[in-house]
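After this come two complexes, each holding subunit A, first together with subunit B and then together with subunit C.
Showing the complex of A and B:
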């Protein structure tokens, strides 16, 4: 177990290093000069040079990179160009909003998709199941900004049930959350359905049925218990992806999360802020994945961490 | 009254290729303490018969006609009674013990669950105590430790003993053993068959044995029914059928049995 954790930690550090390096290089290779955004209007080249010097962008890229790594090791990712304060602080200010939205979305997704998938598995290949399938796939196929706008128009503008944008009260979360959920239901419910169909046909289900185990227990205790690993993995992966900022949804609803922040940072070429966002979200994603993996042995006694699973 | 009574039972299976009559009008009875064996090759309909009697075949895949009663309750015409019979009056010993238990629950949890189905209101502690006793009855060593184990930590023979213990726990009047030894090593088979004989003697349950193995049938049965293409081609006392086979199919089955004699030197 300890060896497993150490290996995982080393792998994670490598992933973090690779990600920040890739972003560092790509940002500087991409066209566009940050200095333009932060110099006075109609800048002279002297003014531009001054801004570049201030941000350290006048150095050769290799030099910039070494400086960046040196600071990173001390936990300093630099000052945001636009906010003039530590970029990490700016991101951490926004992070709770994104985490809240992602949590709400993943919980609601699970609460809807799991029973729905189980229901679909129990009625596999019937007309009703087909109908539900069409509905969820339609939901998955619609673009998120469009779902967002439709929900906005109906529930915020016409009905006025929920605030249209920003974070003004607890109800603000409903529409962005719903938008994400609509996109995730098809994926998760169809995964649940597939796993459940396989497990409901397993021999031990028939044997348990023959000894009088109730259908409810067979479904939830036996078949669902054996479907848990892929379902939890998928939910974990979706959750980690949402922590990267549900960019479009956050922008549509002006949700003050990381996604909205990163769009703004990209537009303004705010390198440190982009770096900080990427760093934070990649670390969070790695933590979520580690937690999911640590759950495996609890869900299936045959799994030994650090070894190949016996199945 | 017979524990199991079957009259003109037929099972039609809906397959992609059309309707197949897997069981085609069979009739037999089993009394308490008796062992009746259905013997036949793969696809003869013997396992389908067992699954149909337990109503384990989905309604949209199998149509059952004819009559069958377990302890006087209709199981062929309706699904109304089978739910109350399963795990109480009738128990199944499955074909492959390695896939017959939930892989993510301990032996103890599954045994306690089975025990509490036939013994309503029994506490978990009492059920666990009973499970230990049952594992002892089926000659499993260190029963307390085995209860904490998961199925993958036990051998096929041990698992089959666990499954027999679970069948025992029900106090069933009818035990259906569907090829109970065919997935096991030959050396393990004998032990399991001995155990089946032993528990039948102590419980006096009726035993419906499904097998393709004439040796097993001969060892275990009072009566046998030779099944081919969904029908009984020959029925009767085990020694009569084997000693004086009337039907050609039975003779073929007998011929397929390797004769055990002294080792012969094989010239190289």
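Showing the complex of A and C:
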């Protein structure tokens, strides 16, 4: 167990290093000079040089990278070009909003998609199920920003039930959450259906049914118990992806989260802020993945962490 | 017919027959949905449409179903239908190119990983894992924001994002396929390994992989629209679907709802069509393979 944890942490560190390095290289390779964005309008070359020197962009690239890594080890990503304060702080200020949205979305997704998927598996290949099935395909076919705008037009502009943008009250979260959830429910409920149809057709279900186990226990106790691992894994992956992937929904609803921040940082070539955002979201995603993996033995007593051939 | 052990009526009602019928329904509905969008887009240049770039100054912000403008116009007097169809050409082009590239990379990498195993397999798998742990949309945005939004860059970016899925499937299928007797027979006949893989194994798994690649077209169109919505899309010659929506996003508050909803409906209809068609096709291919086996 301890060995497993150490290996996992080492792998995670490697991923973090790989990601920040990839971003570092991409940022430096890209054409365009960030100094232009932060110098006074119509700058002289002396002014541009001054800005570059201030940001450390005048150093050779290898030098910049070593400085960057050195500071990173001390937990310092540098000062955001546009906010003139530590980039990490800027990101951490916005993080609670993104986490709140992601949490709300994943809870709603789990509450709806699991029963829905189980229902679809039990009614597989009936006319009613075909209707719901096509509905879930439609759910994964709509662009999320489009769903957002349609909801905004109906519920915020015309009906005025919810605030249109930003974070003003508790009701602000309803529409963004709804927007995210449509796709997630479609994906997860289809996964649940797939896993459950396989398990419901397994011989052990027939045996248990012959022994007089109730249909409800067959479904939830037997078949769902065996479908739990892939479903929880998928929920964890989706949650981790949301921590960095709700960019679009945040932009549509002007939700003051990390996603909105990073789009802006990209436009203004705010290198430290981009690095900080990527770093924070990758670390969070890795933590979520690790937590999900640690849950495996609880869901399936056959699983021993750190041994190959999990299933 | 009554002397059959199982009457035709019962056979028709069986789960297998229903599944076959439902997959046909899905393919038809999907094909029609996709066709409604694809055909006009392909023939946009031939159709009698107003200019998508130059608008008429007297015809600004007309609602849909106005005379001469089926889907209305934007504040610059540009015809929305014309913009959607012309912009859709770029969206579709990128989508199709992207799945060709990702399909090629995926099939080759997956087949090599499955057939040769060893370090090839390890390398491909590690690469996939490394990519899975990256924040996808963020990285795509980063690359496009930094290297500019041209058709090749966006195509490549989407293809790179998508190759793991066909690769994983191809690898799994090849792992099963390479143990079959005909592969052993081919080796006994003295065929080279690359030859066996390219001429015998890949053709046998291709039908199943192609369905997944077709389904990737839906993802590619969605991804492209997301990128161009965030301002990282192709701007020339016409803004793509996501770009049209981004142009209209400030305007729905003042009542011009059609500028964001209708282009999005085009995306949704196309993607739904591709997804339904692919889903039905997948059922069918899987059944055909099951019968063969």
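The working rule: the second predicted complex is superposed on the first by the 307 of 311 C-alpha atoms of A that agree within 3 Å, B and C clash if a C-alpha of one lies under 4 Å from a C-alpha of the other, contacts with A are read in each partner's own complex, and residues count from 1 in each chain.
Note that a residue touches a chain if its C-beta (ideal position, glycine included) is under 8 Å from a C-beta of that chain, and two chains touch if they have at least 3 such contacts.
In this text, all values refer to a predicted model and were calculated from it rather than measured experimentally.
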Touching partner for A:202 - first (subunit B), second (subunit C), both, neither: first
First, second, both or neither for A:99, with subunit B first and subunit C second: neither
First, second, both or neither for A:225, with subunit B first and subunit C second: first
A:23 touches, of subunit B and subunit C: first, second, both or neither? second
Partner chain(s) touched by A:210 [first = subunit B, second = subunit C, both, neither]: first
Partner, of subunit C and subunit B, that touches more residues belonging to subunit A: C
First (subunit B), second (subunit C), both or neither touched by A:301: first
Subunit A residues touching subunit B - in the complex, by the definition given at the top: 202-204, 206-213, 217, 221-222, 225-226, 299-302, 310
Residues of subunit B touching subunit A in the complex: 51, 54, 56, 83, 86-88, 90-92, 94, 96, 99-105, 110, 113-114, 117-118, 150, 152, 163, 166-167, 170
Subunit C - residues contacting subunit A, complex: 15, 18-19, 22, 25-26, 29, 130, 133-139, 141-143, 145-148, 218, 222, 225-226, 229-231, 242, 245, 249, 252-253, 257, 260-261, 264-265, 267-268, 271-272, 275-276, 279
Subunit C contact footprint on subunit A (complex, rising order): 15, 18-19, 22-23, 26-27, 29-32, 124-126, 130, 134, 137-138, 140-146, 149-150, 152-153, 157, 164, 241, 244-245, 247-248, 251-252, 262-263, 266-267, 274, 277-278, 281-282, 285-286, 289
